[in-house]
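Following this line, the structures themselves.
The same chain A turns up in both complexes below, where it pairs with chain B and then with chain C.
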Partner chain A sequence: MDDNELDEVVNEFIVESHENLDDLDRALVLLEHDNDPNVVARIFRTIHTIKGTSGFLGFSTLESVSHVGENLLSKLRDRELMISTEITSGLLAMVDAIREILQTVSTSGDEAGLAYPALVERLTELAVAPTAGVEPEAAPAPATFTPLTEIAETTPDVGEVPKPQGEDRPPASETLRVDVSLLDDLMNLVGELVLARNQILQFVQPQGDPAFNATSQRLNLITTELQAGVMKTRMQPIENVWNKFPRVVRDLTINCGKQARLEMEGKHTELDKTLLEAIKDPLTHLVRNAVDHGLESPANRLASGKSTEGLVRLSAYHEGGQVIVEISDDGAGIDADKLRRKAIQKGLLTSEEAHSRSDREMLNVIFLPGFSTAEAVSNISGRGVGMDVVRTNIEGIGGSVEVQTVLGAGTTFRVKIPLTLAIVPALVVSVGQDRYAIPQVSLIELVRLDAHQSPEGATVIGGIEWVQGLPVHRLRGQLLPLVFLRDVFENDLYDGVIDSEPRESFNIVVVQADDHQFGLVVDDISDTAEIVVKPLGRLLKSADTFAGATIMGDGRVALILDVMGIANRIGITTSERRGSRAATGVDVTDVSGTWRRLLLFSLGDRHLGLPLEAVARLEEFSPADIEMSGHRAVVQYRGEIMHLIDLGDELGMPSSRVEGQPMQVVVYTDANSSVGLVVDQIFDIVEEHLDVTETADSHGIAGTAVIHGQVTDVIAVKQILRSAVPAIFATASEVAA
Partner chain B sequence: MKILIVDDSRTMRLVLRRMLAQLGHDDVVEAAHGGEGLERMTDDLPELALVDWNMPVMGGLDFIKAVREQRAYDRVKLMIVTSESSPRIVYEALKAGADEYAMKPITGDIMDDKMQLLGLS
Partner chain C sequence: MSVETINISYCTFTLGDLHLGVPVTEIQEVIRAQVRTRVPLVSSVINGLINLRGELVTTVDLRARFGLPPIAAGTESMNVVVRRDDGAVSILVDEIRDVLDVAAADFEPVPSIFSGPCRDLMTGIYKLDGSLLLVLDIDKLLDVPAVHRDEVHS
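This part shows the complex of A and B:
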C-alpha cells in the first residue's frame, strides 16, 4: 500500500473505532449492573477488532493496551471472573486510553510519546485477581448506579440489553458515508433555492399564464420537499448525545458518594447535527450539575424522607417547531436565600438589589458569570465551565434555557432549541418603509392597539399608559413595557403622538428576552415566513440589535431582529412575570412532569383547554371563506383543503357563536394533514401544573382541571379527530391529549 | 475472479480490498457479517470468500457451516482470516469446511501463497 492508501485505511480505522467506542461506554455501564453474556461478547468483539487492526497498522501501544483489555474481557466472557466496580472502572480507563491514542494518531499520524504502563499493569492484575467465587454483592459499594430506565419506549423490561447499534443498521451496501461539509453545501444551496422559489412565486398572477402558474406550483412543491429531504439527512436522534450520560452519571456518583438513577424519555427526538454538536457540552454540564449539586447525599436524602437513590431525568420532545430538552432532578432544590447571600458576598448584586428581587428572579443569578453555588467547588462540575457558559452556548444557537425549582423537591432545567439553524420560521413586521423579521422562537403573542386622530391631526395610540415616563401596556392585568421599534433605530423618542400618516391601529409584538417580556410596537405585521438566515456584513457585525439578514420574496432585504440585543440596548431589566403563574402562586415545575402548556378557550359557557403541543396555528376565518365538500365544511388553507370540525357539535356542547361573525379556529397538524377546530373564543395560553381528574365517561374529554379558579375541561384532541375525520386520522396512534 | 470479504470491521474490509487489488483482484464484494455474506453468495456467486471469525449476527463458523450445507457452493473456496490463534478454533473451522486458515495481521505475500495453495492464482 502506498502512503495515500495507508492514510485512507488509518482514517477509516479511526472513524470506525470511535463509533464502536461510543457504544462501549454505555455497554460497560450496563454490564456493571447486569452481567449479560451478550453484552460481554459485544464489548469483547469491539476491543478484539481494535487490537487486530492496530496490529495490522503497526500501532504497538494501542495493540498492547487493547490486548490486556481483551484478556480481561475474555475471562469475563468465560465466567472466570465476576464483574466488579474495579473491573468496570479499569475497562472504562482502557476505553479512555484508546480514545486518547486514536486522537493522537488522527492529529499527528502516529502514537509516538504515548505509553500506559500503569494501566496495562492494572488491567493485568485485574485479570489474575482471585475474585472468582467471591460474590461482588458481598461488599456493598458505597455508591450505586442504576444504568437506565426507559420510559414510554417499547421495551418495558428495565435494564434490558439494547441491541448493538451495528446490528439493526441496514446492510453495508445500502448506506453511504458522506462528509458533513457536503451536506452543509447542499443545505446552503437549498436555502438559495428557497429564496429563488419565493421570488418566482411573486410573479404568479391568478389571471396570468396558466402554464407558468402550474409550473411555479410544481416548483414550489418540489422545493418544499427537497428542503425537507435535505434537512432530514442532517437530522440525528438526541440519543447520540445522551448515550454517554450513563457513564457520566456513573463516574460522578462514585466520585461524590451519591446514588442515582438515570431516566430518559424521548431519546429518538431528532435534531440537526450541527445543533446536536453545539448542545453536547451544555447538556453534559447540566447533567453533571444535577448529580453533583442537585442531588443530596444518601444520608441527607434519608433524613428528608426520600429514598437514598436520587433520580436524574432527561426528556426531549417537540413543541411548536422547537425541541425542548429537560434535565430534572429530585434533589434539594435551589434555595433563593442562599443565592441572595452568595450574590451579595460575591459582589454581583447589592443588598437592596438582592432583596428587591423575587425568588424566581433570583434563580437567574446562577447564570451570571462568576457564580457558583456549591459550598465547596468540586473538580467535577467545575471544570472551568460555568452556567453562564451553558447559557451563552445555548443562546448562541438561537435557543434558551430556564430553570425552575421547588425547595426540597428538585430542580428542572428547560432548554429550548430550534430544529435547524439555516432556515427559521419568522414573523415579518414593518416600520415605515423598512421590514424586519422576528424569529418565532422569541415570539409570545400579538396585540393590536386602536389609534384615533387627535384634534391636531396627529395619531394617538390608545391603550398606552405611562409609568415613570416609560410607555407600558396593560395586558391581562400585567404591565408590559413597550419599545417602539422606530426608536430603537432612530433617536427621536416617542412622545405619545406619531406624526406619520394617519392610521387606525398599531401592533404590539410581545416577545420574550431571557426572563423578561416586553412589547415591540411596530406599524404593520405582514405574515409568517420561512426565512433563510444570511450573516450580516462585516460592518454590521457589531450591531447587537440584528441577528442577520434575509432576502424576502420580492428580492428586498429584511434585517432579522435580535430580541435579546434590543432588550439589552433598551435596558429592560424588570418586568412582571406572566400573570397566570404569578397570580396563582404556581411558578414551579413539578418534577414528576405533569406541567403542561394549555391553550384556553370557550364553548358557550364552558371553559376548555387543549395541550399546546397539539396546536400548529390559531386562525380566524370569515364565513365567506367556508365551502362545503360533501357534507363537510372546508376552507382553502395554505394551498390545501382543510377540514373544519365544530368542536361544539363534536362534544355535544352548545355554542354561543353568532352566525355571520368571523370564526376562531385552532389549526391542528399531524404528519401531513391539517384540521381546523372551530371554537367560540380563544382566551390565553397558560403554563400549568395540571392536576387532572379523569372523567372517562364523557366523549372527547381527557379530564378536568381547575385553572385560574375556573373548572376547565381538557380535551382529548386525537380522540375527537379520529371520530370526526376517521379518513385522515384513523391510523394515528392514540396519545392521551 | 470474484472474491467476497466477510468482516464486521470496515477498516479490515478496506485493508483486504487494497491487498487483493495489489495482487490483481479488483472484483471484490463485501459483507458486514455472515448473514449478509450468505446474501452475497446467492447474488454475486464469488469463487473465494475471506471470512472473519468473530462477527455479530452470524459469526464465521456458522457462515461456513451454512455455505457447506448447500451443494451449489461446493466449489467455492473458504478462507478464514482472523486474529484468533487457538488450535481449537483452527480445528473447528477446518472441520466445518474451511479450505484455508490465515492469521491476522496477514501480508500480501502470505495472501498470495494461500491463494496459490487453493489453486486460485
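This part shows the complex of A and C:
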C-alpha cells in the first residue's frame, strides 16, 4: 500500500468516525435517560470499529482511549454496570478526546504526542467500580449485538435470488460521498447556466424561428430542473445541526444545576448546506441561552407551580419559501421592566427612551452589543457578547431573528432563514437608468399611488403626507414611512437631479426589515426574475446597502438591494407604524390563533379572506394563457406548470366571473410547488386583530370574521388544496404545516 | 546571466499626462469600455461593476484615485483587468500604450520630487528616452479607504 492509498484510508476513517461521533453524542445522552440495550450495542459497535481501525492504522493513543471506553461499554452491555451520570460524562469525555485526536490526525497526519492518561484512568476506574445494589444480570448479548460473521453466514441462504452475471459483487451502494467543493462548483456552473438561459430567452420572439423558440423553451425547462436538482444535492436536514444539542443541553443543565428536557420537531426540514453551517453557532447560542437564561432553577420552577424539569423546544418548518426555526423555553420569560433598568444602567438608552418604548420594542434591546441580563457572569453566558453576534450572523445570510415572550410562561426565538443563497426570486425595479433587484423575501406588497388618489387635506401629494418632515403613506390606516430610493442614492448618482416635476404616480415597494416595514419609492417596477446572487468583491465590502449583484438577461449588472442595510442607513428604527399599532392597544405578542393579515377577495357576492402568509403573489392570466392538462386547467408560470384551482368550484360558491375576461389568481407556494387559486376580484389586504368564529362544519372555511362591516369567510387554504390536488399537497402541506 | 540582461515587460497606459505601467504578468487582459453599473454610497474610486464573461468585476477609477478630474466627455476609459487572489479588478485608464521591455537594472525608487498620490501609488520609475515610466503599486492602489462618497466631498 503506497502513501496515497494510506492517506485515502486514513481520510475515510476520519470522515466516517466524525459522523459516527456526532451520532454517539446523541446516543449517549439518550442512554442516560433510557437504558436501551440496542443503543448500548450501537455505541459499543462504533467505538469497537474506531478501536480496531486505529490499531490497524497505528494510532496508538486513539487505540488506548477507545480501548478503555470499549471495556466500559462492554460492561454496560453485559449489564455488569448500570449507566450513571458519571459514566455518561466519562464516555462523553472520551468522545471529545477521540474527536480531538481525529482533528489532530486530519491536520498534521499523526497523533502528535497527544496523551490522555487522566481520562484513561478515569474510564478504567469507572469500569471496575461496581454500582451498588445492582445485580449483574445474565448477559443477553447475542440478542443485542449481532456479530458480523453471523450475517455473513446467513447470506448464502438467499442464493435462489438471481444474481447479476459474473462474480459475487457486493450490492451497489445507494449513496455516494461527494466533496462539498465539487457541489459548490456545480452550483456556480448552474448559476452561470441560469444567466445564459435568461440571456437566450431575451432573443425569443413570438414570431421568431419556431425551431429556435422550441429549443430555448427546452433549455429553459432543463435549466430549471437542473437547478432544482443541484440545489437538492446541497440540501441537508437540520437534524445535522440539532444532533449535538441534546449533549449541549445535558452538559449545561449539569453545570448550572437545572433540569431540562429537549424536544425537537421537524428535524427533517432541509436547507442548504452553507446555510446550515452558518446557523450552527447562532442556534447553539440560542439553545444555551434558553437553558441558562430562559429556564429557572428547579426550586424557582416549583415555586411558580411548574414541574422541576424545564422544556426547551426546537421546531423547524417551511413557510413561504423560508425555513423557520423556533427555539422556545417554558421558563420565566423576559421582563421588559428589567430590560429597561439594565439598558439605562448600562447607558445604552436614556431613561426617557427606555420608558417611551413599548414592552415589545424593549425586547429588541437584547440584540444590542454589550447587553446581558444575567445577574452574574458565568462561564456559560452573561458576558454580553452573543445575542448581537447571533443577530449579525443570521442577518448575514439574509435571515432574521425575532423574539416573543410571555412573562412567567417562556420565551420563543424565531429565526427565519432563506432556503438557499445562490439563486433567489427577486423584483426588478429601476431608478433613473439604473436597475436594482429586491429579493422577494423582503417584499410585502406593491402599492401604486395615482395622483387623483390624493384625499383632501393639507400637504398631500398623491397620497403622500409629511410627518415631521418625513414622507409617509397611509396604508390601510397605518402610517408607512417612505424612502425615496432616488434620494438615498441621490448624492452619488443623480447629482441633485431630484424628481422635481410632479409625477402622475408613485410606485411604492413595501418591504420588511426585521419588524419594520417601510415603502421604497422607485421610478419603475419591471418584473420578477430568478436572479443569481454574486457577492460583491472585496473592494465593495463597505457597500452595506447592497447584498450583492446579479447579471441580468441583457448582460448588464444590477445591484441587489439589502433592505436591512437601507433601513439602517435611513435610520428607520422605531417606526410610526409600530407606534400606531401599539397605540390601538393591539397586543402584537399575541399570535395565538388569530391571523393578523388577510387578503380580501370576492366570489360572486361572498366576501372571503385568505391568510396573507399563504399568498406568494397575485397574478392576472388572460384566458389565452390557460391550457389543459388532463381535466385540469394549468398555466405556464415561471418555467413550470402551475395548476389552477377554481376556488368557487371547491367551495361550492357561484362565481360571477365573466367568460373571456382576465382571471385574478392568487398564487400559493410552499416548499415544493405552486398552485393558482382563481378568484373573482381582489380587494385589499387588511391587517387587524381578528375575532374568528369557528365554523368547522363548512368545507374549506376556517372561520368567519367581520371585516369592514362585511361578513367575511376566512378560507382554510391547506384543506382546500389537499382535497383539490391531493397528488401535490397531501404530503407537501404536511411538511409546510 | 548577469543582472543587466534581465528584462521586464510592462503594459503601459496613460492617465492625463502620466505614463504608467504594470508588469504584464499581473495583467489578465485589456478591454475596451464596458457598460458599467454604478455603485452608489461607496468610495468614488470604486465606481462600478462590469460583467466580464459572467464574472462580476469591480472597476477602479484611476483618475479619481489620483485626484484628477473625470475623463473628458465623449472619451471612454479603457479597462486594464488585473488578476488578484480574490478575483479580477478592472482599472480604468485613459489610453493603452505599448508593451515595453525594460532592463530590470534601470529600475529606480520614486524620486522625492513626486508627492501626493503619485508618490504613494508607485513602486518606482524607469527613465525612458523622452519620458518617465511610473510603475503602479497595485496593492496600494486597491487599498481604498472605505469612505462614502458624500464624505469625500464634504
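A few remarks follow.
Assume the second predicted complex is superposed on the first by the 518 of 737 C-alpha atoms of A that agree within 3 Å, B and C clash if a C-alpha of one lies under 4 Å from a C-alpha of the other, contacts with A are read in each partner's own complex, and residues count from 1 in each chain.
To be clear about the criterion, a residue touches a chain if its C-beta (ideal position, glycine included) is under 8 Å from a C-beta of that chain, and two chains touch if they have at least 3 such contacts.
What you are looking at is a predicted structure, and each value in this text was computed from that prediction instead of being measured.
In the superposed model, A:558 makes contact with chain C only, not with chain B. By the touch criterion defined above, A:8 reaches chain B but does not reach chain C.
Contacts of A:335 after superposition: neither chain B nor chain C is touched. Legend: residue contacts after superposition of the two complexes on their common chain; A:545 is shown touching chain C, with no touch to chain B.
Looking at the shared chain after the overlay, A:56 reaches chain B, while chain C stays out of its contact range. Once the two complexes are overlaid on the shared chain, A:48 sits against chain B while remaining clear of chain C.
When both complexes are overlaid on chain A, the residue A:192 reaches chain C alone and has no touch with chain B.
The touching residues of chain A, when paired with chain C in their complex, are 192, 195-196, 434, 488-489, 491-493, 534, 536-543, 545-546, 549, 551, 555-559, 569. Listed in rising order, the residues of chain B touching chain A in the complex are 8-12, 14-15, 18-19, 22, 30-32, 36, 39, 54-57, 82-83, 104-105. Residues of chain C that touch chain A in their complex: 35, 37-43, 46, 49-51, 54, 56-58, 60, 86-87, 89, 142, 144, 146, 148-150, 153. Interface residues of chain A facing chain B in the complex, by the touch rule stated above, are 1, 5, 8-9, 12-13, 16-17, 42, 44-45, 48-49, 51-53, 55-56, 164, 166-167, 171-173.
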